[in-house]
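Same chain, two partners: subunit A is paired with subunit B first, then with subunit C.
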Partner chain A sequence: MMAGIIDLILSIIFYPPIYQLVLVGLTGALVVVIFIIWFERKATARVQRRLGPYHISPRLAGLPQLVADLIRYAFQEVIIPKTVDKELFVLAPIVATVLSILPIAVVPLTSNPAYWPIPMDYSMLVALALTTVSPIFLIVAGWASNNKFSIIGGVREAFVITAYELIAIMSILSASAAVLSFNLVDIVEAQRIWYILLNPIAFLAAFLAVLMATSGFPFEIPESENEVVAGPFTEYSGLLYGLNMGAAYMKRFAFSILIALVFLGGWSPFTPGEGILSGYLIPSLIVVAKATILMMIFSLTRSIYGRFRLDQALEGAWRLVFPMAVLGFGLALLEAYLGVM
Partner chain B sequence: MSVWVYGEQKSELGLEGTITRKLEEDLYEVFIGPQHPGSGHMRIIIRIDGDIIVEADPDMGYVHRTMEKLSEGREWIKNVPLFERMAIHDACNVTVSYVMALERILGIEPPPRAKYLRTLLCEINRIAAHLYGFGIFGVFIGHSTMYMWSFADREVMVELAEKLTGARLTHSYPIPGGARRDMPQDFPQAARKAVRYFRRRLDEYRKIFLDNPVTRKRLEGVGIIPKKIAAELGVVGPVARASGIKYDARLAEPYDAYDEVEFEVPVYEEGDALARAWVKFEEIKQSLRIIEQAVDWLEKHPREAPIHERFWAKAPPLWKKVFEAEGRVKLLPLMANLKLPPGRAMARSETARGEIVYYVESDGKTTPYRVRIVSPSARNAIVFKYIAPGYKVMDLPTIYGSIDYFPPEADR
Partner chain C sequence: MPAKPVVKRLPARKGLFAGFKGNVDAITIGLKYLVDPKRFTLIYPNEYIKLDPGYRGFIVLDPKKCIHCSSCARICPAAAMRMIKRMEEDPKTGKPKMKLWPVINYQRCIFCGYCVDVCPTEALYTVPYHDIVYENMAEMDWSLETFVKPPEHPTAKEGIPVKYIVDEEKGLVKVRAEEVEEK
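Presenting the complex of A and B:
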C-alpha cells in the first residue's frame, strides 16, 4: 500500500512534463529572471549613469539587492480592496504566472527521446497554443480590480494581444513551413544553418511580437504609468503584484526558449547522447543559455526608447510587422520548395 | 448640457458654487491626480470617448500657499526667499523681476557688475530649469534615459550656481540695488568647463531623445497650438515661441545685462510638442552663449561692490575692509529694515517657462502694501482645457510635459 503511494508520487514527479516544468520552468525561470532583472538594472544603470545602492555587496555586483527585493515582495502585506471581485482578483495573477511558463512543459530540450516531456509530433502547435492562454488573465485582473485605470489598462492589453498574437504565431510557424513538420525536434535537427540566418525577416517579426507580448519598451503600453498608473496591476500589492510583474518575465523566458529552439539552433553545437548528463542537462543548459542571451538583448531596449502611443503600436504591428511576418512565411515556403533546409 | 448641483437643477437650488455636471452617456470620466504618477500637484479631470479626450478640466490649486498675502507681512527683502519657493530650480529668474520692481520704486539702477552677475545666474537657472523640464518630459513619455541624464547633468548647473551664490537651489541672489555677493576667483574656469561639457552633451541629448524615431513619433503633430490660438489663449514662454510668436521679456523690455549680451530667441512655427521641445533645447544653447559672454565681461572688468552706491555708502566699515582685502561682499545689514518710498511699480522677466510679471505697491512702510504675481505656468495651464481635447489619452502626458507645466509656480 505504502509502496504504491510512493510509486504514485514518484511517477507524478518524474512524469516528464512535470519535471521539465519544475526543473526548467520554475527553478530555471526563477534563476534566469533574477539574473535578467539584475542585468537589466546594471545595463540601464550604465547607460543612464545611475548610482544604484552600491553599498550592498560590491563584490557580488549588488546581486543581494534582488534577493532583498524578492523578500520584500514576498512578505509585504497583500491589500485586497473591498471593491474588487475577490476570487478573480487573487486568482488572476497566480493563474497568469503559471500559464505563462506552461509552454516550457511541452518543448523538447534534447533530441534524446527518453527525455522528451510529451510526444513531439505536434509540439510546435501545442507550445504556440499555450503561449496564447495567459494574456486573458491580465484582462481578468484588470476587470476584477474594478478600478478605472485597471480597466483602461486591461482594454489596452486586449488591443495589444490582438496585434501581436498573430504575428508571433505566424513568424514562429514559418519554421514549420520551411521544414514541413510541426515537430520541434525535427525543426532543431534540420538547422544545419541556423534558421535566423535563413529567415531573418521572420525572426525580426517574432522579436517584435515578443517585445509587445511582454510589455517591453517601446511597447510598454498597458502598464504606462503616466496615464494608467500600473495598468491592470494598479490595485495589486505585495506578492500578487510581484507575481504580476514576474509573469511578464516568465512569459518572455518561455518565448525566448521557443525562439532559441526555432531560430537559434536549439542545442546546436552539441549533439545529445545517452544518459542524463549528455542526454538532458547539457543540451537543456545550452538552450537556456541562448534564451538568456536573447532576453538580455530584449532588456536593452528600455534604455533606448520611450513608449509608443497605443494606436501607433497597433498601426506599426498591423501595417509593418504583420506584412513582415507574412513575408517571412512566404520566404519559408520558398525555402521549403527549393529544399534549403 | 444642463448644469446640475448634487443631481438637481442648479437654478432650483440657486447655488452658484459647487457645480457638477451630469455626464453624457458613453463618456468615461477619469480623474488623473492629485495622487497619480502622471499628474504632478494637480488634478486633470478628463472625459474620454473610447481613446479620445472629449473634455479636459485642469483642477489647480493643490499647492496654493497664499504667497501674495504672506508677502504683505514680511519685510521687502524677506519676500525674495518667499517668492523663490514658486520654482526653486529657477530661483533667480522668478525673483529678479520682483527686485527690479523694488528698484523702480526706489529709483535706482544696479551697477553694471551686479547686472551681469544677475544675468549669469538667470541663465544658469534657465538651463537647470529646462533640464528639469526635459527630465519630467522624458519620464512622461517613458524615456527613462532622458530622465536620468538630464537630472544628472542638471547637477553641473546646480553646482555652478552653488559656487556663485553658496546655495544649490534657493539662492536669494538678487537684492534691491544689486546682487548679494560677487563671484569667486575660480568661477570663470568652472563656468567655461561646464559650458564645454554641455555643448558635448546636448548633441547626445539630440541623438537619444529629440531625433529618436519613437520619441519623434510620439511628439510630432501632438498638441498643436496654431499661432492665432496661441495669441488668443495668451500662452507665454517656450509654448508661445514654439507656435511662431516671437515674444520674450528679455527682448520686449531688456533688463539687467540682456541689452548688452548677444543671444538669439529661437522661434518655431509648428506649434506641436516636438517644436516646444526643440525651443527649450535651442534655448539651452543660447543660455550657454550668454554665460560665456557674462563670464568674459566679469573677468575683464575690475571688481567693484555689486550693489548700488547709495547702499554701499552706508555699509559698516568691516564690510568695506573685507571687500578691499578679499573682494568679497556680504548682504548689507540695512537691507533687513529697508524702507521704500510710497509708490507702485511693475516689472517682468523671462523665466524658463515664460514671462513672470510682478506688480508691487508700497505705502512707505517696511513691508509691501500689495504684491501681485502673474506666473507663466498659470497662463500656460489653459492649454490643458483648450488643446488637449481631440487627442488620445496617451497624448495627455505628452502635452503636459511639453508645456512644462509646474504646479507650485502656477498656484503660488
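Presenting the complex of A and C:
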C-alpha cells in the first residue's frame, strides 16, 4: 500500500511536464527572477550614479536584500477590501502567475526525446498559445478590484497586450515559417547559424514586443505609478501583490526561454547525449543561461529609457514594430524559399 | 481691434527612423556608465560630509564675551532664543546681582544665524555640524550649562570625513577631507 502511494507520487513528480515545470519553471524561475531583480537594481544604480542595495550585505553587494523583500511580501497582511469581488480578487493573481509560467512546461530543453515534456510536433504553437492566456487575468484582477484606477489599468493592459502580444507571436512564429515546422526541436536543430543573424528584424520586433507586453519597468504602462496608482494591482497587498509583480517577471522569463530557443540557438554549442546529465541538465542550463542574459538586457532598458505614454506606445506598436514583424515574417518566408535554413 | 485667429500647425511628422540616433546615443551613454560608474553616494554613518567653518550648525555661547544685552533674543525670528535671569556675584562689588543669560530651544530654532550675526561681541558662534539626535523633546530645550560648551558630534567619532568637489569631467566627486585640505 505504502509503496504504491510512493510509486504514484514519484510517477507524478517524474512525469516530464511536471518536473520541467517544477525544476525549471518554479525553482529556476524564482532563482533567475531574484537574480534579475537584483541585477536590475544594481545596474540601474550604476547608471544613475548610486549604490543600489548595499547595507544588508556589502560583500554580496546587497543580494540578500531581495530574499528579505520576498520574506516581507510573504508575511505581510493580505488586506481584502469589502467592495471587491472576493473570489476573483484572490484567484486572479494566483492564476495569472501559474499561467505565466506554464509555457515552460511545454518547451523542449533538450533534443533527447526521453526528456521531452510533451510530443514536440506542435510545441511552438502550444507554448505561444499559453503565453497569451495570463494577461486576461490581470484584466480580471483590475475588474474584480472595483476601483477606478484598477479598471483603467486593466483597460490599458488590454490595449498594450492587443498590440504587442500579436507582434511577439508573429515574430517568433517567423522562425517556424523559415524552417517549415512547428516543432521547437526541429527549429533549434535547424539553426546551424543562429536565427538572430539570419533574421535580425524579427528578433528586434520580438525583443521590443516582449519588453512591452511583460510591462517591464520603464514600459509598465498598465501599472505606471504616477498615472494610475498601481494599475490593476491598486487594491492588492502582501503576497498577492508580490505574486502580481512576480508574474510579470515570470512571463518575461518564459518568453526569454522561447526567444533563446528560437533565435539564440537553444542548447546550440552543446549536443545533448544520453543520460540525465548530458541529456537534460547541461542543455537546459545552457538554455536558461541564454534566457538569463536576455533578461539582463531587458532589465538594462530600465536605466536607459523613459516612460512612454499609452498613445505613444500604441503608435509605436502599430506604426513601427508591427510593420517590422511583418517584414521579419516576409524575410523568413524568403529564407524558406531560398532554403537558407 | 479683435485678436486675429491664428491657425496653429503641428510640426510635420518625422520619418520612422528619425529617433534612431537618439536611441543609439542613449544606449551608448547607459552602457558607458554601466561599465564605468561614477557614483558618489554618501554611506552616511560610516562617512560624513566635513562642512566648512562658517556653516550654520548648532549655536554655542562663549560666556566670557557675553555682555547680557539680549540682542540675540530680540532678533530671533522663531523665538528660540530667550533670556533667563541668574543671580551672580558681581566681580567688582562682590554683591549678588541679577544677570540675563541667553538660552536656546532647538525645538524652535531654524538655524538662520541672525543671533550670531547680531551679537556685538561675537559671543555666539556656530559649530559646523548639525546631525545630532535627541531622544526626547525636553532635551532639545538647552539649559545655560549645555549652551556654553559645543555639543558632542557622535558621527565624527566613527565616520570618515569626506568632501564633495566639482570635477570638470566627472561632475561631483567624493574625496577624503584630508586630500582636499592638502590642496
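Heads up, the rule we're going with is that the second predicted complex is superposed on the first by the 335 of 341 C-alpha atoms of A that agree within 3 Å, B and C clash if a C-alpha of one lies under 4 Å from a C-alpha of the other, contacts with A are read in each partner's own complex, and residues count from 1 in each chain.
Here is the rule we use: a residue touches a chain if its C-beta (ideal position, glycine included) is under 8 Å from a C-beta of that chain, and two chains touch if they have at least 3 such contacts.
Since this is a predicted model, take the numbers as computed values, not measurements.
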item	value
Superposed partners subunit B and subunit C on subunit A - clash or fit	clash
First (subunit B), second (subunit C), both or neither touched by A:311	first
Contacts of A:224 with subunit B and subunit C, given as first, second, both or neither	first
Which of subunit B and subunit C A:319 touches, first, second, both or neither	second
Partner chain in contact with A:50 - subunit B first, subunit C second, else both or neither	both
When both partners are placed on the shared chain, which of subunit B and subunit C touches more of subunit A	B
First, second, both or neither for A:149, with subunit B first and subunit C second	first
Which superposed partner A:300 touches (first subunit B, second subunit C, both, neither)	second
Of the stretches 59-67, 239-247, 329-337 or 365-373 belonging to subunit B, the one that collides with subunit C	329-337
Residues of subunit A at both interfaces, subunit B in one complex, subunit C in the other	47-50, 303-305
Residue ranges of subunit B in contact with subunit A within the complex	28, 30, 32, 36-38, 51, 138-149, 152, 208, 212, 214-215, 217-218, 392-397
Residues on subunit A engaged by subunit C in the complex (per definition of touch)	43, 45-51, 54, 300, 303-305, 319-320
Contacting residues of subunit C [partner subunit A, same complex]	16, 26-27, 29-30, 33-34, 37-41, 43
In the complex, subunit A residues that touch subunit B	44, 47-50, 148-149, 152, 217-218, 220-221, 224-227, 229, 302-312
